[in-house]
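Listed below are the structures to be examined.
What follows is chain A paired twice: with chain B in the first complex and chain C in the second.
Up next is the complex of A and B:
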């Protein structure tokens, strides 16, 4: 790597700080239950696992000093920009780039004709052209690229590219998608790269027990059947897609990029660039949030194509509106659910059909469908189950990964069903859920046994038992605390309080036979008279706090205080994706394995040199320590000038794909559960909502960094709140209508209530340290509790989210 | 693109005369967003930030002369007494950062039906004037003549907004705005209301529910009639639900909203009626208290 590149990557070099300031705040509500952990770890360092050292990026981000991928600069750098389709479906009759090429300062204008390698890429199914070929399938699809010496030059040149379109009627509704003979194919049958057919990307059926038949239905005393709808949510990360591609002397490319999985980016990019993978080197740049939106490629291939073509470094930064077109969203869903129960509240059967709109390209749709089908009946024991989940191809924006991944949409439906069932049976909604809650030893509808703690009923009880916030005090009104807040719409008029409950289930890690292993390299050496450890992984730090946790693990395992984190890049093996709540489990697990190997190597070195025979040796406080005989030697003296540097892979236990027709199979690595109680005030006349409090109880197995755990749960709840009451990409006839933060609304601090968090630690014996992935479960579970609370306040059915003021005032 | 930075008001007028298509910028909270989204590509930008008089206000007798660039945060902190309706509206503008930069001049210049100042200015009375100037001279445009179309005002190309003249409140004023979140939101619709006991009138202003900000004329006339006929200005007696209800319906009828991504026309009409009833109730309750404590 040349000197210039070294300078750039320092942006993303992390150094973990040891501090105890993090102990303030956020933790007062934490309660720890049960067995602390599976193994006895002597805590040599207060900033080891179980502590809450501050994140190294926190202060920088708050002060605006963190270097994001969009802040990178390189001498002689060009700016790349894409021309995007204004139509959701059209044939491209011609593309004329001659005027754009004449703009002074323009170095290249590229179309798909200029792609040196394979023209298609994709996460699971390679169905997406790197640049549109003869047709566009969604509003905002990239057609041509410009590289110029200034972003404004590039912008002007983009406008001079002439594209002749034959505009076609977009295929956007379920009815249109499922009738391709009449409405057309998003991908022509002969172009099909997915296993689906018609305009279906993927489908998954599931049957367990006796399925759902009229005989089974007859066993139920009460049957509830309803349709539900979930709008298209966006990840709404704040740092737009951006990166810098630098052509290298060996003909390869160095790409500095904000992403979620360096190695899979590379795997998709190399064939398009016609380069061997080893010549495509990726280094993680500062990531401004991800939430699944960076799992797919955005500008990676585009910047590299332009860099290859011009021989110059090329930077691409999306504007905010382009960002809305440049990444996939959460699948909007239409769902039909039917539940039957006995008079005493026992579930007899559950039937569901989930239709997810996958948009123009496959992205992660197959895996999202697998999750929807396998998790879509919730954390309940149901003797007879049927399910069909499908994802459509359409000319709507592509949808793929977003926090909660296929489990979110279904949770809104099954939890709404639980409330309706409780109402029909005149039962307490929490008691109904507890009566049917799954527990360790029970079976999922997939036939997979839950073989670690599943305290679903207890989580519900915990949120129910938390003290309620005081009622609204109309004599001492703080207007900021009521619906409308400083918009001054109410001085107490029309406000009704409601309370709602929910619980949800999410899997951790990649499923259905995928071996999403993680790699970690740990090094120990003496620097400045102190033992210093270094952790090197390809894990994308997207804000989840993985770099903090890695240092904690190494402190605990190696008994050192100083830990540095190497920039994440492709020089080390894959760390898998920063998604599916998996990084602490998977890459944390790899760091643990590598650190354990380094510890063993240090001890073995001592054994060889000093002939130690004790079996009770470990590393604590920078020394080799025998439990029975005390300190034997300092690591500094033992290592001298030598470094120990070892790499290990961590694989989770294997899973298998679900049977296509029955949905049976040991498909998931781990399950995670969160319960919520929402208290809302609704201005029932104006249809405005203020969430007063959103309580969460979650089993995290083991909290490696309790402060971060609480932060993840609060963040997940907030994103769920957004889906409940405001966040939706509005698409009409295939066109995105609100590609801005002016009109795509996410919660502000005035929308975000206090979120008391009750953290349970029930270790999972299959997981490193017993931990459970944390980030997604609250995003799955919290939305339905808020909607339930709004229902309680208004008495309305509310079968669609986000709930808009129009739904509450009958003015849609 | 030309970037013009006049140091004085006269230089600014001269620059605007020379570059009539120049887009004036002060706080930039609207202009910069539109440029960022590539909505506007002005040939020239006229930066008014060096002209300090635009960020000053004064009270002359019964009228506040509010410099075009006085930021919303200062309107809230310094003028909530004389201009309570406008101060309430200022509270609903964007975020603290935006309120520190943006001012009423920008709202008037953009003339968006969703601008938060407009309903409060309309409600403050028919004797609110926008002071505009050019090298040709100064004009006082009555607020009722200012808004002429969607994002269009009655200014000439060579004119700049210098100040707004707003009567000091002589009665209670209120402002309500609907947004689909509890802060930092563009109005789905908004309503400004003011009682003017000195001349026995009431003021209304509707935002985001018609091509321009507009007054609910019939609602004003109806209420003024009721207040006069029943001697309510003097007695401060209760209005009664029928009057409040009718007022709400007339405000609703005055709107001509559309369906868009922020809300439906039906919702806007419905919400305007609710806000009209509530703001009338709040102001009248305050007024009656004043009357009774004076009695």
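Up next is the complex of A and C:
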């Protein structure tokens, strides 16, 4: 046995000791493999922060051995499946499960009558029944559950459940939603606690400067007013909603799950399951992407209800069509924007109304509204501002979190406005933006001062200065490089090139007074003659690379090479959500605090034992080092058999809610900015678009892992490309028409261009290591640059996204 | 029904297979090879790509009965015989082409197949060859880097042999 494998075994033994209670009943091979995901995460690299060490989970992932939530397996397990409503709005007159129960191999069929606890849950407003009660409010709402010995058995049983509906006309348009006396209520008024009135989930107004009045309008030389529309985008993560619920001997439940926030899942689940939170134990299984779509519960409660009821482990895996019904989407938006500027291009005022369709249940709509209102005028200094953002309840699919969260829709509108203003003023669109760009020291329309770098003008300059891709060479054309031509639609005729620019703003972390703290536990001990550190958090690694960064932080702070990442679970305190670009800032910050505390404890141990008085002690290369006198002792000799194991919480600086009427308040933790330049080729005859290049420049404060930072920016840009030219859930009369990857298109490698990235590092003095959240800003900013480029190629107004071929050929 | 076939060089046997099961289901749920992924199960995403008698196929579109007596090679069979990572696997890690990793198994098999037929593909060739494999995390840039890296290493290895 070599030294390395010996260490792994020793460490595994320690971990199995830690988790033996939770494993009561024993899990078979495949679930154990789920633990292996993170047990094997250990690196010999010395790479600390600022380096780009390879992902600790990369080897398992390329070997096909990384256990995702849909890979979980237990020898006695049953398969769970939901019956979903074919109607967007209906009263349920009766549910007859008797035939379904008779199907051989069926172990349980459950309706809301079988829920042992509270029947409603929700992220912000508890308005969603775990299973429909007497009515359905959206197409695809779960009504009943089946547990069976095979997925096909479950499917057949689901078909045998008889539901008698009284089908009602769905409430789907803004006019219908805002006239409940005529069209009805999605939820009865005041049906829930802390609930909006009527069909409005939440609204937020904002006024700054003199607001927008006719007197203010008179100060502008040019006024641009337009309506804009954004379709409903899907997160389209590849790993479907899935997990395994295992009933435990203590009456509790162990759930292996793909989620973005273990603790808030548990908080919503426990009351429905009528269990105390400590008996609902969640362990993160492998997560196949998230992008906001896993913030809400999907199959968590359903699998646990079936496991409670049958006493057997239950696995649920959504098929792709069910996934489209099983999670919330990005809010579609209708927006009206009005901007006024002086002849020399200075913005005088901006006015906007943003109507977001929240769908049947509240999900994260209130926070999305807050972001839309506070960020919806972009990274610009505007002396007079007015804004109203509202989210509606409707019988459309529920909408909630998706990457860019409330800022994406508005960015399409305000950046389109900037281009129209520039055209009206005969100005360069980049210069107009730079002239009005906010910088450190300026104020948001909320009155919050920008108190860290905001290099908006510089980011725009950087994308503008990047070399352009060569023009199409029609004499030496690889037709695969032009729009649609892999299908031989053109040999270069009708192809027009366009270039567009944009910039966007996004907040980092949870806002409006929410304390989304993170917890981290760091342990150091000697294993196999070497100091080894372990990091334990509940952070959901969804692909972003947080586990890589945690190990880097610990290497930097503790001067050790070997870092193990403990499986993420609810045995440690909350890590908050893997969303809002916040995890490196928040849980990374917690890991830093815990590691600093461990470092101090190691040094203090030496001070007590050896009477050191130096003030310049630190840990480097496995030794306690005096920066002036050199190494004092190795950590191995100092620690001996003792382990130091400390847990710390990281809270960001406090924020406050926005004033309901004026929108004023120190509402956001941090801001982040990205600028883009898009180059597109358009086949103007067929309406086909090929994005040729999509350049990004983003300030990340400090890049803790440059490779991952670039990967985030490129991935974020590509989701923005999808929204610009292809991605939309088509909903007609409340019914989803394209719940598949055949009909809901996301960018392929052929649709996606080279994405050169220019990373700026302007440290934020308020943030750990000066870092700035990375993941969302490019998804906010990139879409409008692509649409601007298509406008430049076609001369069309294009006030709606996604831009489809029929919009370009006037064949709608 | 009973289905017997070769998976990654080893004979495997699955009993009580329902006729409607796909090869993907049999691999994942019956023979302990969950590496091939279930993202769409209708042949759109490529994450379930495996070799069937040497040809890359979407295993979700192959009925279990169709693989009787045939050879299947999955992502779990891409490593070298000594257990070290294969050249394509290593390149995906090194280039940062793996984020959530759900698309990775299919991309690895498809890339392996591409480089078997063309060790030095142009960028357009790579994009065409991988256009049936969806990735939602990376924006494909690092995947392009990974394929270029694997190609360069494969050519260097061939030159040194």
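Just so we're on the same page, the second predicted complex is superposed on the first by the 752 of 812 C-alpha atoms of A that agree within 3 Å, B and C clash if a C-alpha of one lies under 4 Å from a C-alpha of the other, contacts with A are read in each partner's own complex, and residues count from 1 in each chain.
The rule is simple: contacts are C-beta pairs under 8 Å (C-beta built on N, C-alpha and C of every residue); 3 or more make two chains touch, one makes a residue touch a chain.
Remember, predicted model here, so these are calculated numbers, not experimental data.
Asks: One more residue to check, A:493. First (chain B), second (chain C), both or neither?
Replies: First partner only, chain B.
Asks: Touching A:707, do we find chain B (first), chain C (second), both, or neither?
Replies: It touches chain C, and chain B stays clear.
Asks: Is A:217 touching the first partner chain B, the second partner chain C, both, or neither of them?
Replies: It touches nothing on chain B or chain C.
Asks: Of the partners chain B and chain C, which touch A:61 in the superposed model: first, second, both, neither?
Replies: So A:61 only meets chain C here.
Asks: Should A:484 be classified as contacting the first partner (chain B), the second (chain C), both, or neither?
Replies: first
Asks: Tell me the contact category for A:766 with respect to chain B and chain C: first, second, both or neither.
Replies: In the superposed model, A:766 contacts neither chain B nor chain C.
Asks: First (chain B), second (chain C), both or neither: which does A:748 touch?
Replies: After superposition on chain A, A:748 lies in contact with both partners, chain B and chain C.
Asks: Give the label of whichever partner, chain B or chain C, reaches more residues of chain A.
Replies: So, of the two partners, C touches more residues of chain A.
Asks: Just to be sure I read the superposition right, which of the two partners does A:205 touch: chain B = first, chain C = second, or both, or neither?
Replies: It touches nothing on chain B or chain C.
Asks: Kindly classify A:809 by the partners it touches after superposition: chain B alone (first), chain C alone (second), both, or neither?
Replies: first
Asks: Across the two complexes, find the residues of chain A that touch chain B and also touch chain C.
Replies: 319-320, 480, 486, 740, 742, 747-750
Asks: Give the list of chain A residues in touch with chain C in this complex.
Replies: Answer in residue numbers: 29-30, 52, 54-55, 57-59, 61-68, 70-71, 73, 150, 152, 235-240, 286-291, 317, 319-320, 478, 480-481, 486, 542-545, 707-708, 710-711, 714-719, 740-742, 746-750, 752, 754-755.
Asks: Considering only the defined contacts, which chain C positions touch chain A in the complex?
Replies: 18, 20-21, 28-29, 32-42, 44-45, 47, 74-76, 78-79, 85, 89-90, 92-94, 96, 98-105, 108, 122, 124, 126-128, 130-144
Asks: Which residues of chain A touch chain B once you look at their complex with the stated criterion?
Replies: Spelled out, the residues of chain A in touch with chain B are 155, 319-321, 480, 483-491, 493-494, 685-688, 690, 725-726, 730, 737-738, 740, 742-743, 745, 747-751, 804-806, 809, 811-812.
Asks: Okay, in this complex, where on chain B does chain A touch?
Replies: So the residues of chain B in touch with chain A come to 33, 36-38, 88, 91-92, 95, 174-186, 188, 261-264, 266-267, 269-271, 274-275, 278, 282.
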